[in-house]
Every structure is written in C-alpha cells, then in structure tokens.
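For clarity, chains are labelled A, B and C in written order, and residue numbers in each chain start from 1.
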Amino acid sequence: MSTVNKRPLLTLVLLLCLAVVSGLSFLYLGMDFGALFSGDAGSQMAAYAGNFLRPDVSPIHLGAIGRGVLETLAMSLIGTLLAALAGLLLALPAAGRNGAALRLAARFLLNALRSIPELVWAALMVLAAGLGPNAGTLALALHTAGVLGRLFAEALENTPSAPAEALRLAGSGRFAAFSYATLPLVWPQLVAYTLYRWENNIRMAAVLGFVGAGGLGQMLYIHLSLFQEAQAATVIAAMLVLVLGVDSLSGWGRQRWVRA
Amino acid sequence: MKPPLRDNPPRDPASRTRLSLAIVALVLLWPALQVSEFNLAALLDPANIHTMGSFLSGFWPPTGDPVFVALLARATVETLAMATAGMTLALALALPCSLVATRALSRARLLPNAEPGSLGLVLRWPTRSLLIVLRSVPEIVWALLFVRAVGLGPTAGVLAIAITYAGMLGKVYAEIYESVDLRPAQALVQAGSSRPLAFCYGLLPNALGEMLSYTIYRWECAIRASLIMGFVGAGGLGQQLDLSLRMFAGGEVAAILLVFLALVMLSDQLSAGLRRLLV
Amino acid sequence: MTIRLAGAGFRHGGIPALGALAMTVARGEQVAVIGPSGAGKTTLLRLLATALRPDSGSVEVLGCDPWRLSPRARQQLRARIGLIQQAPPLPPRQRVVTAVGGGRLGQWSLARSLVNLVYPLDLQGVRQSLERLDMGDRLFDRCDQLSGGQLQRVAIARTLYQHPDLLLADEPVSAMDPVLAGHTLSVLIAQGRAKGATLVASLHAVDLALEYFPRIVGLRDGAMMFDCPAHQVTSDNLDALYANDQLYPAVPHPPHQSPTVDATYGCR
C-alpha cells in the first residue's frame, strides 16, 4: 500500500499546534522531572521496583491466580454476550426501523452507555449490586452494549431492507421477517464486532477489580494495598500472559477464519 | 423422465454441527455463569436498592455550585494536560523505538541483494518485544504502580500513559513505515545516502499523514484513559469522581458524568474531523 | 370478486405510474398483464399485493379494502397473498430450505418460526415445493450458489409453499430460457388451478402470455389498452401496445466496415 501525504501544509500546521499544546501541558502540570528521577525519590522508586523482581510462585498463590484468571475470563464472556443481546435490541430502533423519535432516544442511550468508562460503571455497579465479579460483569455488559449497539446500528442501516419487506408482504410479523431476512445479512459483522469487543473486554475485566469488581484486578489491588509486592508481581505477570495469549489466539483465529 | 418423488424424509446436513455447537456453548456458559456469580437479581436486592436509590435521588439536579464547577474546570484541564503530556513523552520514546523495530529500514529492504545488518538483527527483536510488553500491561496497572511510587496526582498518570502508549505508537509506526512505498528511500540509499537521512527525506514525508492520524486517534484514547486513571489516584476528573462517589454526593457525580460525556463527545468529533482532513 | 380496482391510481413522487384503473378479477381466474417497459406492470402488482397504497380510487383484494383494515388484519390478509418478485431479494448466504420456509412465516407462531430458522421443521413439505420446479436436489444449497433462473424458481417455490389464495407474479420467468420458462409457467398455472387460487402475472414474452393465459390485459403508460380473452387479442392491439416512436431505427452495418475478426477466434 502506498500512501502519499495529500496535505503537507496542514500536517505541518498540526504538528506545530501539537507541539505548542504539549509544552503548555507540561507547564500547567508543573512536573518536575529533576526531582522525580534524581536523588532520594529516584532511589526510592528503584527500591520499590526491586521488590517486584522476586515474584511469589508458591502453589497456593498460583492456584488463587488461576481462579482469578477464570473469574476474569468468565466476566468478560458473560458481559460481552449480554452486551451483544442488549446492543442488538437497542440497535433496531437506533437504525431507524421504529421511527425517528425512537431513533434519537436509542442513539442517546447508546451514547450515554459507551461514554461512561467501564471502570466508572464498575464503581456504580458495586454500589448497585455489591462487591465481586457480578458488578464487573454488569459493568462490562452496560458499557459494551453501548459500543456494540452503535456498531450494530450502523451495520443495520447499511443493510438492504428488501428481503425483509418481501417476507412482510407474505404476512410475516416484524421480528420473524427480521430474523429470516435481515439478520443473516448482517450476522458476519455482528460476530466480528462481538469477538473484537470480547478480546478488549478480557483486558478490561482484568482491571475492573480495582474498584472491587472481582477478577485479577481485585487481587492486585489488595496485594498492593498490603504492600505485598512479591504477590502483586505474579498477578501482573499473569495479566501479561493473559493479554498476550488472547492477542496471539485472536491473531491466529483471524488468519484462519476471516475470509478476505 | 423426472425421477419419482422420494419417500424418505431428507436429513439436514447442518443439524449435527449445530447441535454440537449448541452443546459446546452450554458447556462453556454454565460454568462461566457460576464463576462470574452473574446475578441480575442482585440489582433488586432491597439493601442495594436503598443504597442506589438514595444515591440516584441526589442526581437531579447536578450540582451548579460555582466552587465545585471551578474545581471541575481545573480538573478537566488537568486531565487534558495529563493526556497531552503523556502522549508527548510516549512519542519521544516511540519514535526511536519504532525506527529500530521496523523492518522497513533494514539493509535487506533498502539495498538490493544485501544481507541483513548484524546490528539490526540483534536489536530489532528485543525492541519489538519490549514494545509488545509495554502495551500489553493495562495502563491502569502502571498508573496504580506509579501512584504507589511517586504519590497521588497527575504525574503518575502521565508516566503511565507515556509507557503504555509508547508501546502502541511504536508498534503502529513501525508497521506504517513498512506499508509505505519504499522506492524513494531505496533510491536515496543506492545513491549513497545514509539510512537515517534516507528515512527523513524518502520515507517520512509519505508516512507522516498516517502517523499523525493514528496519533490523534490515540490522543483521544489517552483522554479517556486519563479519566479512568484518576480513579486510582492519578489526578484529574477521575480522581474527583472517585472522591464524590465515596462521599455519596449524587449531584456532584451527575455533574462530573455530564462533563465526561461532553469531553468524550468533543474529543471524538475533534479527532474524527482532523483525521478526515488528513486522509 | 377476488380483485376489484376502481379508479385506482398511484404516483411515484409526482409522476403518475398508474392512471385511474378499473379492473375486476374473479376467483380462480388466470390473467396475464403485458406491456412495454415502464408501463406500470410492477406498480399494478405491488398495488394488488398491498405493498403500495393507491393515491386515488380504491383497491379491494380478497373481499377487503386492505387500507381500511387494522395493521394486524392487514398482515393476516397478506398471508393469503403471494407476490413473486422479478429479482427475488433472497439473502445470499441463506440456504434454500430456510428461504423457502420463509413463505409460511405468516401462518406460523413466532416460536415455531425461530426454531425453524436453526432446525428446519418441514423438510418434506419444502422439498415437495422445490421438486415441482425441479429444484428438489438443491434443498441445502446456499442462495449465492444458484443462477438467476434458479433463484427465480426458489422464489416461486417459496410462494407456492405459502399456499396463497391470490398469486401475483412479476416477470417470474424473465431469467429463464424459453423452454424452461414455458415449463415453469405451466407449473405455476397448474398449482393455481389445483387450489382454486387466482393468478395474475406480468410477462415480457407475449407469446408465452398468449399461449398459457386465458385472459390478457395490456398496459401502456399506466393506462389499460385492452382487457380481453387471449384468442381475441389482435396484432393491431399488440402493435399499438408496443409501438415505440423514440427508438431510432436499427442502422445496418455497411459491409466494408465489419470489425476484423481475430483469426484465433474466428468461425471456421
């Protein structure tokens, strides 16, 4: 693929603006890099980092981590599935199939759902449903429903409605016509988007525990708060392995199954 | 002659596959539901409803208290500054790393019939791995660690974004270099120019538009990440949201959420607009 | 009367596609609608299928005015009307068995419809419909594996599977060769007769219409030119129907300007 920069002047102007904005940001924050990396603070940081270099790999701890990984995966799976269902239900009015007023309302709801970050939803769900992975699952479901709903709605809007209309002319109800004529057309995209978000949600599920929503995140937060860096190091390593594993699995899956 | 109508009922060849898929799905779903402790009914638990109800009742109207609004304004600017400063540091780290990690500047690509340089081989793979590791640990984990190391406040957030986004930017820049037309750079190298100069004059001008477009997209993500990192103590709007939630101040939370929404929408529009202009 | 049109007209965004038409069709009749392109044949059929609402006059189908009914009653009326479209809008990756099964969605409950989507319930019935059109062995093929003519036959099979009281066919054999077209039309007519269903079909091929249908309606520019039994249609009727002043007469090729033929592909 060969790309030619179509607007060199605009690019330069943008670069300059970005440079100026960056400079202002550093000034505003008043970050003192000197104090950060030198002398006392520097050696403290080094010592803190050093604590992580002797991870705890005892069987008990590894067992707990294993349970944490399973909890994280389960949260992401259920949350994403719920989100796909809810997203599809909301995408129907959002694609304009039930009138203009419902379209606006559905789009507004979807935007609200996806604009609130998963972590904030998790904090809210901990309030609403208590501590533990249940809150994390609900939080993922809510946020991802907004994301998937919007993607689904766009896919639906680009789908021809003639097949469904033909079925309705033969006396079919709306939902049956949708399932037989529109859903098959849009199904591959739905699956692709859902899988992509599931991959992302595994990463998110790992950190939602910071606010008490279960999974590896909750373990990490507790260990760090109790200054148990050795145990925390193992949890971070597990997160890393999880993310890398999911990345390579999905890369392999995409190569094998996605038709160009 | 048409064959007579068959009497035996036809069998659907897909039914066996579908049945097995259904069984696999159930086998996966049941334990997943147990392990994730999924329970919609928890939302209807009376104690939870009471908590949530009193919290939500404070939502309307969102606080209009001028002191608080001023606080919000400062927090918003802090969030934006955090995202921008973090991105700048990330760039500073990503640019050199991407140059080392990319295959576009290897001897083998730029010179015909050349062997890959030994330095390139030794450095390229570790750099690529470093970039992958940096971006695979979720940025909020870095934020949590930095808060413990350097204390509460935006500095932790800036460092966390710098590290994670260096990984993302570095990898994508390396891929952009590889996808751009290499012929100008090849011509320069064959005419005797050094590889860095060939990059600046032959490759960079073509790649710049796409690099900028991706960087703007990541900047938008960085703003959202900054919001979240505040939750673990890294300053900005996120930290204020955490405080207001702990104090059960529904009106304040509502106000902050509205600012969240507005910020996300605005940055979304801005980044989409800028990228449309560039591509 | 199965169909009664009184002064029914339809405008496509201001341009009249059908003028004030009057037509009655009795139960069990077979009517062919012929006319040049753009005459309004498709509009007429869609009007009868209750897909379009007339801008003027009234339409009465199967004893009801569809536009005075509640939406639910109109849906039930539509289950008794089967429209075969010229370019059947079938989802490409859908299997023929599911596509044909869609014909009875108006008669099945929602639960049964959804089960049928993943596990076809009436394989025998669907196959019978397809076998009448010589497509019985394509039961489990995907629609994108079929040719244009085969897709049209699947669409016809779907409508036959629906068992409607009123069969409306919009150019149902346009993508088929003449022999297959004739055969398919005879199947369609036989099915209609067997159930006492009324059949109204629009056709491009005048000879097919005259051969298979007892009653012919000629449409031109949205107006009815004639409506009479097939044996009473004269060549003057047809000339007047298809006269086209706007086409330039065909220019004959001067002999010395015929294109050179590549020796490899020339006829020997």
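Some observations on this one:
Basically, contacts are C-beta pairs under 8 Å (C-beta built on N, C-alpha and C of every residue); 3 or more make two chains touch, one makes a residue touch a chain.
Since the structure is predicted, the reported quantities are computational estimates derived from the model, not experimental observations.
When chain pairs are compared by contacting C-beta pairs, A-B ranks highest.
Ranking every chain by how far its Cα centroid lies from the centroid of subunit B, the top place goes to C. Taking the mean of all protein Cα atoms as the centre, the chain whose own Cα mean lies nearest is A. Inter-chain spacing, taken between the CA centroids of subunit B and subunit C, is 54 Å. Measuring from the averaged C-alpha position of subunit A to that of subunit C gives a distance of 50 Å.
For this pair, subunit A with subunit B, the centres built from the Cα atoms lie 9 Å apart. Against subunit C, the residues of subunit A that register as touching in their complex are 160, 162-163, 165-173, 175-177, 179-181, 184-185. Listed in rising order, the residues of subunit C touching subunit B in the complex are 95, 97, 118-120, 123-124, 127-128, 131, 134, 136, 139-140.
Of all residues in subunit B, only 28-29, 31-40, 42-43, 45, 48, 51-52, 55, 77-78, 80-82, 84-85, 87-88, 132-133, 136-138, 140-141, 144-145, 148-150, 154-155, 158, 179-181, 205-210, 212, 215, 224, 227-228, 231-232, 241-242, 245, 257, 260-261, 264-265, 274, 277-279 touch subunit A in the complex they form.
Remark: subunit C residues 49-51, 75-83, 85, 88-94, 98, 102-103, 105-108, 110, 113-114, 117, 158-159, 162, 164 touch subunit A in the complex. Across the complex, subunit C is touched by residues 2, 5-6, 9-15, 18 of subunit B.
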